[in-house]
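Notes to accompany the following structure.
A, B, C and D are the chain letters, set down in written order, and residue numbers restart from 1 in every chain.
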């Protein structure tokens, strides 16, 4: 490294050295020679990417779990405005049947207002008149431990209440899960790429450090230092570098998610997103557990650094007698 | 670099050298010493990230443009099923008014089927009965060069056709644009981060190379080589490295988008996404122009490499007399 | 203590540098090694230092046949040998003091224990005023003396010195020779490769081996 | 050609190494520079080579006052000077041939033009068989000779050699001295720093400057 020798006053520049009182033995391997500032920046950014990616995976996983559990613990019964019976009577009839069925926790009919609000994004606000005959939904929560026979229930409803249709969301559910899995895979592969990049950078850095400190390694070897001792001189720097870069990266990453959470909370913002949120996704904010996952980054970064540098050093040394 | 000296048989290992016939003058700066394989990998991945980010920005920009132009060149008239007039008559009346208005290119009423399909995602397929009285839309294309007075038009429609409401999408439009801008900003900042990382890596690499080749630089300096000459010995390697990494990165990036396009095209997949696509977003595939943007990556990477290395070298040299 | 039998060495596919070297070095002896430039003196010292393995022949050191010695046991043997390299090989980022103390440090010594010894030795070789300077700030002869100090600080069983007086003036050369002789009295076996005839003339008791064309000839 | 007037030099805040140096070196002259180790010989050569600026005093070289010389013009001046460094400073990744040819190469010379000259010179210094070896494979004396060859290949106007015979045997040293003398006959000004008294004895015509305690004393 160039910075490697910065602390040695160049032959052309200055002279004079510290008095005995002031000095302490220098580390055998100069820190600046192994892990300089640009390396710190590069690995920090990698750690930041890793944090953001991990956070995103956590977020998506959370959303998907939300969907899945919400959807599978909930079915809807749609009551179409048909025939002669008033919709309110239809709803009452359906609710009665539902409440009588074992394994159903609750059956909550939408109000007319809620029903029309659901159509708003499609038809524009204020355009859905209250008196417009639109289908109404009954939200049914199922006891997942002891679920009812949905097929039988569907048949029963169809026969006894005119215009009632049971929708168990199974089509939706599989579609959503498929989409989410795809997104998750993408995030995972980004994570893998980030890790590969970090490893590459560390390998490159160790090799560079090895070259910059080739003399040191050779001299240590020749005065009888053991291989492990030599490797440790490098590892220690990569350990600290990994931890440092990891912590900064995670803090930045967590900051990003906090800012994100905050922004989403603050803006009365996009009604569409909000509507979507509330309907299906759940809060688009990283949960505390997601933040906890980020804590894995510094130790992993340090681990990668230590292992890669150790491997590089030993490989280099094994070429000598 | 360690690999720097790999081609010199270690004093402990082998001897013998090439015969005069076989040899050619070696480059003054050994390529392996300046830009080894791990560096290539690291910068390649950076270029890949850059490509993916640029492609995503292009994609999003495209989608937003689609929205914006579609929405601003199109308004809808909603015909609610009210009163005594049949919906068909209402529609005919509205279309007549629209066609008579200057600045309107076309007015296309939805069929009943189309109208019910639009509600499917909300109500479930097959649940929207044809005879269900739902609102119908008339899609109106506006001549953007000579737009009609939408306010007057709205008033006229409201007065002359019962249940007709003009929706100029302005609320939607601003919301979508805001959301899209946020996404775009995020992508941009990732791009900036990627570029910063690349610069850091290159700075680190040059410094490392400089240290590994410190003797070379000093000797060249002392036998009277000019600073530009010395810098060029480094630059050339970073030029090739940048181009190489850039090309591989772009190819990988383009491959990713192609795979993405292909997958989206192939899967009968997520009906929701598709429905959303067709309704608002336009095809979720990167357009050829987007691919063209990616071509900027290799020259930019090479440029960053050359400039950063030149700067590092000259800074290092300026410390000598 | 050291035994060479029909040792030959070639680098890779090159010509044989050492052709048929057989000798025995007694513990506590003092040898000069001379010969034209490029004849293989440094090569021979590297064999003695276990930095090279012979292409043929037998070497035994400190009672071990080095052909059968495992790599894990080499560090311990190396610690018993002090070397002054022809190119010094000091570490630029360490002070003269730290450079000289390095062999003690990697053996786990504590600075408070060895500080006095190191400083005394540095005074003896005339580096008392440059103790805390880094090698790039030292003159050629100062570096050479630091390299010598590093080789002898651990009172090794075997001292190998490659052209240890090439960069110092005759007075200083004599002083350094006295250091080697003193060390030899204390029990260290010494082998010095040198071109300096006046140096060899100053220690008449030591045999002079002349290396030429891959063979050793005993001059005195 | 070279003029020093009351030149003093200290490194940083250290003591003054050179205290009051004044001399004049005629074009085409031949000088020996000697003195104890660590006295400032290499430092003086670095001043002559424009690698250091004096702390005080006036230096003019080739008719330029070096205090007022801009950095952009230094490369051209340096090309007129050949230097043999005490530590050789060869480039490890280049062959001996390429190392020696380097000064010609950076001046834009083409290999076909200089190949013959370089090979002839390498033969003269006894490296005819090591032309395509890399420096790490050379012996100490071979490196030194390669460094000398690199310094003289461009027939410089000024040749500075720092301890150029510290690693070679006496016969070879004499041969190298003859090379310097030959070069001097062809018009090169030569300054050689050395500890080797027998070398200085071989060329009685050259004045010997003795550097001690920061002052120069003319011995002969």
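Observations on the structure shown:
We take it that contacts are C-beta pairs under 8 Å (C-beta built on N, C-alpha and C of every residue); 3 or more make two chains touch, one makes a residue touch a chain.
None of these values were measured; they are calculated from a predicted model.
Fewest steps needed to get from subunit C to subunit D, stepping only to touching chains, is 1.
For subunit C, the chain whose average C-alpha position is most distant is B.
The geometric centre of subunit B is 65 Å away from that of subunit C, both derived from CA atoms. One inter-chain figure worth recording: subunit B and subunit D are separated by 60 Å, centre to centre, where each centre is the mean of the chain's CA atoms. Note: centroid distance subunit A to subunit B, computed from Cα atoms, is 22 Å.
Residue numbers of subunit B whose C-beta contacts span two or more other chains: 4-5, 9-10, 12-13, 15, 33, 321.
Within subunit D, residues 11, 51-52, 137 each touch two or more of the remaining chains. Remark: subunit A residues 1-5, 10, 12-13, 33, 36, 38-39, 41-42, 45-46, 48-49, 78, 80-82, 118-119, 122-125, 127-129, 131-135, 165, 167, 171-172, 175-176, 178-179, 193, 196-197, 200-201, 203-205, 207-212, 214, 269-273, 312, 316, 319-321 touch subunit B in the complex. Partner subunit A is touched in their complex by these residues of subunit C: 49-53, 71, 74-79, 83, 89-95, 98, 101-103, 105-107, 111, 131-134, 136-137, 150.
The part of subunit A that touches subunit C in the complex is made up of residues 4-5, 7-11, 15, 17-20, 23, 25-26, 28, 30, 33, 215-216, 218-220, 222-226, 229, 321.
Subunit D contributes residues 11, 34-39, 41-42, 86-87, 126, 130, 137-142, 145, 162-163, 166-172, 195, 197 to its touches with subunit C in the complex.
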